[in-house]
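Going in written order, the chains are labelled A, B and C, and every chain counts its residues from 1.
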Amino acid sequence: MTNKQLTVAVSRQGLYDITAQVASEVAACGVEDGLATLFIQHTSASLLIQENADPAVQKDLQNWLNRLVIENDPLYTHVEEGPDDMPAHIKGALTAVNLSIPIMQGVLALGVWQGIYLWEHRHHQGSHRRLVLNIQSSSS
Amino acid sequence: MTNKQLTVAVSRQGLYDITAQVASEVAACGVEDGLATLFIQHTSASLLIQENADPAVQKDLQNWLNRLVIENDPLYTHVEEGPDDMPAHIKGALTAVNLSIPIMQGVLALGVWQGIYLWEHRHHQGSHRRLVLNIQSSSS
Amino acid sequence: MTNKQLTVAVSRQGLYDITAQVASEVAACGVEDGLATLFIQHTSASLLIQENADPAVQKDLQNWLNRLVIENDPLYTHVEEGPDDMPAHIKGALTAVNLSIPIMQGVLALGVWQGIYLWEHRHHQGSHRRLVLNIQSSSS
């Protein structure tokens, strides 16, 4: 197996469901039993596994985190890159830069209600984010 | 090595020490040098490595997190599954869905004061939680 | 590959850039394509990947976390080890005990602005912290 670079298009702050994209790479690699590790190459966006059923969960997560980590906090001295930049770094520090998910019988061993999300913390990032997917085979 | 499904019985909100259970699986697998990765298949319970000595640490962790992530917050719109459900998702997002611990000389390379915990965030979950343990051998 | 024990000298609360130390171990191991996992064997210090450019980011992260997790909080019952001990455990629980970073073309696949940090949460830890570095080869 080799590492694979993935990109995710993002348009604004929020959770982006990347479960299907990751699952597709896992299917393509042909590993029956192993471990998939996702790594995000940014410090103002992060990774999350959360409930994939009710969209209100994602909305509440975003609103709660925005209230905890406010913009224009007088505490911030790193302000040159905009009011959403330092909050984005803090949010990144509180969530995950990498996720490791077992692969069983050829598919990601996610729970029934689990989805994989890229959490974009900047507002106007009409761009893409870079991830690396590492797959280790446990059966070789 | 193959992935192994584990279950942990939980009865209420709190930290459940699963160090012995994980250590037992590591011993059984016979890997001398490698990496053990635990993954929890839920979004309202999570994983934690914390001090295993003074139970007051676990009590304070729980009380601190309960104060940070309150129940019945008017911010929540996902309220159908009870007042402890949305707080459980937020707590899950702030803690870990997976842990990776090296295996050295056949045992988990935990620090002296480190224990592995399942953190149940729901109140009345007289049930069990599902984990997957992946073990990679580094010496093969 | 085998696991390798690393030590990091720390003198006080703050972020310690360990990117070069980890990169040096990765270069020495000769793996072209794989996964590097760092694990910290402590519960009052943790690991973080954050922006490596403006030192103000690190200062703001520290100040923000210190305001969120205060010392001498009347909530704490675990107080015997000093006013910075229970906050250190909470900060450890909110950040990472392990990080997994892909290795591509023989080097850590970090983003341009990403550095690896040990986050010391105690004040007077004129000592060292122990890490374990696990490297899995994906091409073998």
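Quick note on the criterion: contacts are C-beta pairs under 8 Å (C-beta built on N, C-alpha and C of every residue); 3 or more make two chains touch, one makes a residue touch a chain.
No experiment lies behind these values; they were computed from the predicted model shown.
Peer 1: How far, in degrees, do you have to turn subunit B to put its CA atoms on top of subunit C, rounded to the nearest 5?
Peer 2: The C-alpha superposition of subunit B onto subunit C needs 120 degrees.
Peer 1: Note whether the interface between subunit A and subunit C is symmetric in residue numbering, meaning over half of all numbers used appear on both sides, and answer same or different.
Peer 2: Copies use mostly different positions to touch.
Peer 1: So, what's the distance in Å between the C-alpha centres of subunit C and subunit A?
Peer 2: Computed from C-alpha means, the inter-chain centre distance equals 20 Å.
Peer 1: Among the residues of subunit A, which are close enough to touch at least two other chains?
Peer 2: 68, 94, 96, 100, 136
Peer 1: Flag every residue of subunit C that touches subunit B in the complex, lowest number first.
Peer 2: 1-3, 37, 39-43, 68-69, 73, 75-78, 80, 86, 89-90, 92-94, 96-98, 100, 130, 132, 134-136
Peer 1: Which residues, counting only subunit C, touch subunit A once they are in their complex?
Peer 2: By the definition above, subunit C touches subunit A via 33-35, 48-51, 54, 56-57, 59-61, 63-65, 67-68, 94-96, 99-104, 109-114, 136, 138-139.
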